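Would you mind keeping the following structure in view while I ask a few things?
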Amino acid sequence: MDKPQEECGVLGIWGEAPLDAAGLLHLGLLALQHRGQEAAGIAVSDGKELLVEKDLGLVNQVFTEERLQRLRRLEARLGLAHARYSTTGSNLRFNAQPLTARTAHGVLAIVHNGNFTNAKPLRDRLLREGATFQSTTDTEVMLLLLARLGHLPLPQAAAEAMRVLEGGYSILLMDRQRLVALRDPHGVRPLAIGRLPQGYAFASEPPALALMGAEYLRDVRPGEVVWVEGDRLESAQVLPPSPTPCAFEWIYFARPDSLLDGVEAYEARVRMGMELFREAPAAADIVVPVPDSGMGAAVGYARSSGLPLEYGLYKNPYAGRTFIQPTQELRDLKTRLKLAPTSAVRGKRVVLIDDSIVRGTTSRRIVGMLREAGAREVHFRVSSPPIRFPCYYGIDTAARKELIAAEKSVEEIRAYIGADTLAFLSEEGVRRAIGGPVCLACFNGRYPAGVPGDREGEKLALEAI
Amino acid sequence: MDKPQEECGVLGIWGEAPLDAAGLLHLGLLALQHRGQEAAGIAVSDGKELLVEKDLGLVNQVFTEERLQRLRRLEARLGLAHARYSTTGSNLRFNAQPLTARTAHGVLAIVHNGNFTNAKPLRDRLLREGATFQSTTDTEVMLLLLARLGHLPLPQAAAEAMRVLEGGYSILLMDRQRLVALRDPHGVRPLAIGRLPQGYAFASEPPALALMGAEYLRDVRPGEVVWVEGDRLESAQVLPPSPTPCAFEWIYFARPDSLLDGVEAYEARVRMGMELFREAPAAADIVVPVPDSGMGAAVGYARSSGLPLEYGLYKNPYAGRTFIQPTQELRDLKTRLKLAPTSAVRGKRVVLIDDSIVRGTTSRRIVGMLREAGAREVHFRVSSPPIRFPCYYGIDTAARKELIAAEKSVEEIRAYIGADTLAFLSEEGVRRAIGGPVCLACFNGRYPAGVPGDREGEKLALEAI
Amino acid sequence: MDKPQEECGVLGIWGEAPLDAAGLLHLGLLALQHRGQEAAGIAVSDGKELLVEKDLGLVNQVFTEERLQRLRRLEARLGLAHARYSTTGSNLRFNAQPLTARTAHGVLAIVHNGNFTNAKPLRDRLLREGATFQSTTDTEVMLLLLARLGHLPLPQAAAEAMRVLEGGYSILLMDRQRLVALRDPHGVRPLAIGRLPQGYAFASEPPALALMGAEYLRDVRPGEVVWVEGDRLESAQVLPPSPTPCAFEWIYFARPDSLLDGVEAYEARVRMGMELFREAPAAADIVVPVPDSGMGAAVGYARSSGLPLEYGLYKNPYAGRTFIQPTQELRDLKTRLKLAPTSAVRGKRVVLIDDSIVRGTTSRRIVGMLREAGAREVHFRVSSPPIRFPCYYGIDTAARKELIAAEKSVEEIRAYIGADTLAFLSEEGVRRAIGGPVCLACFNGRYPAGVPGDREGEKLALEAI
Amino acid sequence: MDKPQEECGVLGIWGEAPLDAAGLLHLGLLALQHRGQEAAGIAVSDGKELLVEKDLGLVNQVFTEERLQRLRRLEARLGLAHARYSTTGSNLRFNAQPLTARTAHGVLAIVHNGNFTNAKPLRDRLLREGATFQSTTDTEVMLLLLARLGHLPLPQAAAEAMRVLEGGYSILLMDRQRLVALRDPHGVRPLAIGRLPQGYAFASEPPALALMGAEYLRDVRPGEVVWVEGDRLESAQVLPPSPTPCAFEWIYFARPDSLLDGVEAYEARVRMGMELFREAPAAADIVVPVPDSGMGAAVGYARSSGLPLEYGLYKNPYAGRTFIQPTQELRDLKTRLKLAPTSAVRGKRVVLIDDSIVRGTTSRRIVGMLREAGAREVHFRVSSPPIRFPCYYGIDTAARKELIAAEKSVEEIRAYIGADTLAFLSEEGVRRAIGGPVCLACFNGRYPAGVPGDREGEKLALEAI
């Protein structure tokens, strides 16, 4: 898909008494599936045993009835879950999360959304000291650091590890009894806390809390470690907060019904559409969203412009995951499988609204489709600025050389995608729509949480040892 | 799902020279998946062999790479495909289509959308005469009739069978060389013809033609038999046409980008929304569609009313097919999995638009959800009349006793679903929006193509022999 | 495998009260797996429903726990089962048995061991009369005949069908209440009856009766129809018996612990070995059986000759079913996978005993292996005559042109396989060892139960319609 | 199965040029399947990447064509393989081998047959020092030791690890270029070296070398480390040899065509049978082996006694792996599935020969079966002494309290199994038959390679951390 790819969603649950941790985490994962579709995993414990099931695939492919039954063998009280978008090849099953290790703390499990920018030098040092790694993820570096802090209780060990790790990350950790949540001092990735009748839940986005039967309580604060002690939520502000949450969560990633650091995703998107009209009005007949990513901004654009919103593009809900077709003919035909124009656009001047342009190939196809279907003009409006820089905090924005805006001017992009006019929302417009300090590094190259020493490996993938 | 269920989508392809029939039919099936999600099948032939692959499940579950490869063993020139919604239990693999039989014509394959209302007496007679059946479908009755007409060429045999069969049906037939299409004299179910560079294609809806690389040519006419002879399309008007196509195709079933008997589905839906406002305006702040079924009508309602359209409900695209959860707690939580309210509805008077109400349970849950999310008022508007009667022509409208409108008045329904006001579009409004004679039997009980002698078996399922 | 292939094993069970028909038939099938390894199936009924599960593969591959559970949904009172060796390609799933059809008798299921020699003309006539076939098996012809005899009770209909069908066959039939067994007038294929505490069982070989908890009662007689009426076993001698049971059952097919028409397989094999020594003694040090087919005859040869029996060949029990290797190197190495010589043969003059030679390729490899392992001389002794003719009664003896003895003299065979001496047991020797009239058609071309009119299709496979 | 269970078979291959390592190791594994049937795995490398595929199940279940293809993606030059019998529960997929870890040596893979008796204290120390473990196997302890010796070349690191590890073990190690083999100073478990045209192979038993196209060269010596440097085999005698190879390899585990430390398994078994007759003759008519374990000894017993060898028990080759039946009735019937008596025993005084008795339950069933089949007397002869002690070197002899001979006298065992007479071969008899110093610890409790400090965990399983 020609969209920036989130690298993960994380979930945790902790109950005073046994609860159906596997079932609740499974539901929660389905609510976070949009954050990662390449692997899924759940770990649960009853205080004595800790079981993990994970595999490549969508949540519903990985969690067959049989696999859930295996987890349900335990009368679990706590657990973690993970939905993953991995950037380095589909056969790397060993990189699926939760990662686990048997350590002086006992067995530990970890799930992670984000990236450590200093994972490589840390890993090199650990290897020289005799460590063994099972995966090529930066996540495992934290697990190894924790193993070396076996003399400390788990929350304190996590706090010590935070002082060493750099980057943007939201993490959940567990052993057989305890659950620990932590968020980097910039709060780049989201992490919300929910209250259960007799326990607590954690999730990348609040709608997943609701699916686990939890009520939204608050977000984990930047730089904070949170854990459950007895039946109380304990907290330590380990590092001073300096919040710059990722703007892309509001632009595209988060569900429209998510509340992130106090700001509703749907409202922010509508405001982006309104700002977009203010900055770049178009003389047109109808507003057409690219489903589903452009829908919130299209509402805002329609509201400000007074133009009618029309469903000019049909999105086939069954197009999802089809394997690659062997012939060029089939591949060409397949472009019509996912999106198809409706009669709404015939003879119309269309304002087409999308949230972002990454490679430009899909945008080009959509513009072509609309023209074939009889649209008289196509005015492309994008509710975020051009993406020009890689993200080092957990998003795969495609390799820099594939970013159309890293290489081309707005006019060149317009010509490539074949629109009559093209405009992007300004950084200032994004900031106003969200209403607070945010990370805009992928647009402006200013990285609030540091960059890897070695800039070459743009995706931060640790090379195989 | 609490919606009327279409019983099938059908596809056919015929080329002068070999073409990738399996690959093209697979793409076409993905474009018709909305018409049937319980079983899928493809038959192809190279003029010498005829291969069939079919199974219970979604198209992408049934057609793994391995299964497509088995079909691709042939350099096929023609083929059929089927997506099925079956009403009689998930383990009936032998009812999946294409059905095949070895007969005096050679091997025959058949796919079918619709129902024969006189299947039972025909089957009883055939059994007494020594026939053997493999399935409990009415479709097989036609196959048996064809076997008895082995002295006639296939198109003529099909025409003879049409004179005997009653009901609403669109059918595609093949032997190893020929493809034959037929549509009942009332044209209850749709069937479109497309032209390939060197051949022809057939599909329940035109968007599936595009996926097979074919250009829409025309619809098969009510009462017509169409076949390919040499490289020419041949036709015979076997029975006098008396067109009353199913209104529900425009109301709900067909894709919004479908053109059926000359009328665009999207335009018809927008007009239904406009009629609905004219008939039942509401004092409100925003128009919210139930995604995705209410979207077209919501555009029309917003257009006529001047109220803004807002995405007040988020539909999780990954909620699709989750197996049934074992505990009541999980089942309750799961109702939030598929649809969740966004912040758009908070403090608002909402006009909620859907295409129909079958059992009312989902509508009730949605209204409740909107209120919990802070909607001040909920005015429910339905872009079709109350469903009160069973369909005998290929749609499963739920058993009559489950139809909320068969038992309750509009006011009683309103009270049940908890809306502030409720209104349904009138039959006249539907007719005006579509613009021609249509079958409205599920609303008014007037059946243009006859009814089964035995009214008890509401679903026309042939009891097991 | 370079051995004649049996085409099937059949099983049936009938209880006065519900019994675990699926479980018992599954165990019985495992005891008959040697008779057919390409497909397996079970049908059961509780008097109201009839369920079938079948697929390509070994019994344990087909009957997963899940599939057995599906059958166990019924509280079954009766059922059939089949293990199949098919001769016409592994993808023909639709030829797996039990075959079923819905007829004027209700639903019927059938399993079959043997072949009808007049299947083709019968099928051609039925097709002309409008019949439909689902498979390309001769078995289905009987099903169609029964459908035409719907006015008769099932046992009488079966008797009528027997008068029309020619060839060698043992058949079990069921509808939802009744079980019927029949055996051709020559009794070519075996069929035994067993008594359950409250019911009856049928099986191709008595050891399968034991696995179903039944005690061996007697064999179905040649030309007899047997069925259960009330709780009594009923019988009709439909055709005059003229018994010539297949000699190969004693030579190779049947389990060594089987009792067939009153003669123990193990004893017959030992006597064949004794006859073989009498006819063809060898000056040697040790007797080595080819495991497992030569083991009984080796005991007899050792007994008569006074030479010690040694395990000179190890058979790897895990070599079974490995998919075909992609390189010639691996295929060559693989010949040592199944059989490997032990140190017993080093420096020895070996009498190597096998039951038969079909293509000669395996025999040649074994002789070569023994010489490499240090055997000084290899005297090959075969406990049956050279196979020169096809079987028309249910055994795949390889196409005639692949039969080494159809083309070559005994001396030429000896030279090909590289043995120092070679001898086959005489027809007279076989007859003496078994002790009664037997079918020896594959050795001498005298077919007691007729031949197909069309001799070309040596395997009797019905060409695709 | 009521037999001592070997814990593993190991394989390695190394070529100067690319060879089909995955295909050759797959064939080799099939030749070692008898050493472990619960999990299988293969690791291969082309010098740059190292791939592993492993899972629970038989070799042919784990290595589907798809999985082999994944390994064949590399043009591999070297690789390892493992067939595992695990003692601690079937769901422990993470304990399947090869185990791998990314270390300062790069990625390492290891396979292991045997046990380290000091694994627990070593692991405890490593954990305190911050190590992380992925499995609960003792094998991983060696991997961790190697990671700490990253400053040494791999063969030297392996030698250092050997100085620390105690117990009985044969191990193969690899990184992306090198293959290293090692065997404990007592040579408890076997390990043979083979020569390829351009490379070397290693295997637990020589017949597996043949399957990989290698010629048997010699055994790895007790206490030796062997590796390939350039194209030469290098060796270091790290610890002084004190050979006491496991007697059970000759008694039961090894294939009959194996040559272990210079002694043929088949010959040793025949001599055990001869010794057994000398020590415990029986007045009988026939000698019947329990297939397949008693076959070699039965030949020896028959040879010395002059009694004829008969196949009195049929072993169903398809009985292998059937899932557990749900009812007691089926479980009872199932005992006849695997073994069934033939007519050979009727009216006879039988000497029944088996290699060992562990729990006695199977022996009891066999004796009962023979009597039911008409045997007049059953004289049970066992070609090894009573097993009274656990093995700490890689064999699962069942928990001590389940060993019938740990609790009962020979006379009590005889009474339990229902034989007329019972005799076991003496330790001295075993030693004479093999002809050298051997480990007889499971018979006499004298452990040549030490015992775990903590005797409680009889199976050496490391408890979960």
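Letters A, B, C and D name the chains as they come in the text, with residue numbers starting at 1 for each one.
Everything that follows uses one rule, which is that contacts are C-beta pairs under 8 Å (C-beta built on N, C-alpha and C of every residue); 3 or more make two chains touch, one makes a residue touch a chain.
Keep in mind the model is a prediction, meaning the values are calculated, not measured.
Comparing the centres of all chains, each the average of its CA atoms, the largest separation from chain B belongs to D. If each chain is reduced to the centroid of its CA atoms, chain B and chain D end up 61 Å from each other. Annotation: 49 Å between the Cα-based centres of chain A and chain D. The distance from the centre of chain A to the centre of chain B, with each centre set as the mean of the Cα atoms, comes to 36 Å.
Annotation, chain-chain contacts: A-B, A-D, B-C, C-D (touch as defined at the top).
By the touch criterion stated above, chain C contacts chain B in their complex at residues 49, 70, 91, 100-104, 106-107, 127-128, 130-134, 136, 143-144, 147-148, 150, 464-465.
Contacts from chain D toward chain C in the complex involve residues 20, 23-24, 27, 30-31, 33-34, 58-60, 65, 207, 210-213, 255-257, 259, 264, 266-267, 270, 292, 295-296, 299, 302-303, 308-311, 314, 316-323, 325-327, 329-330, 333-334, 336-337, 340-344.
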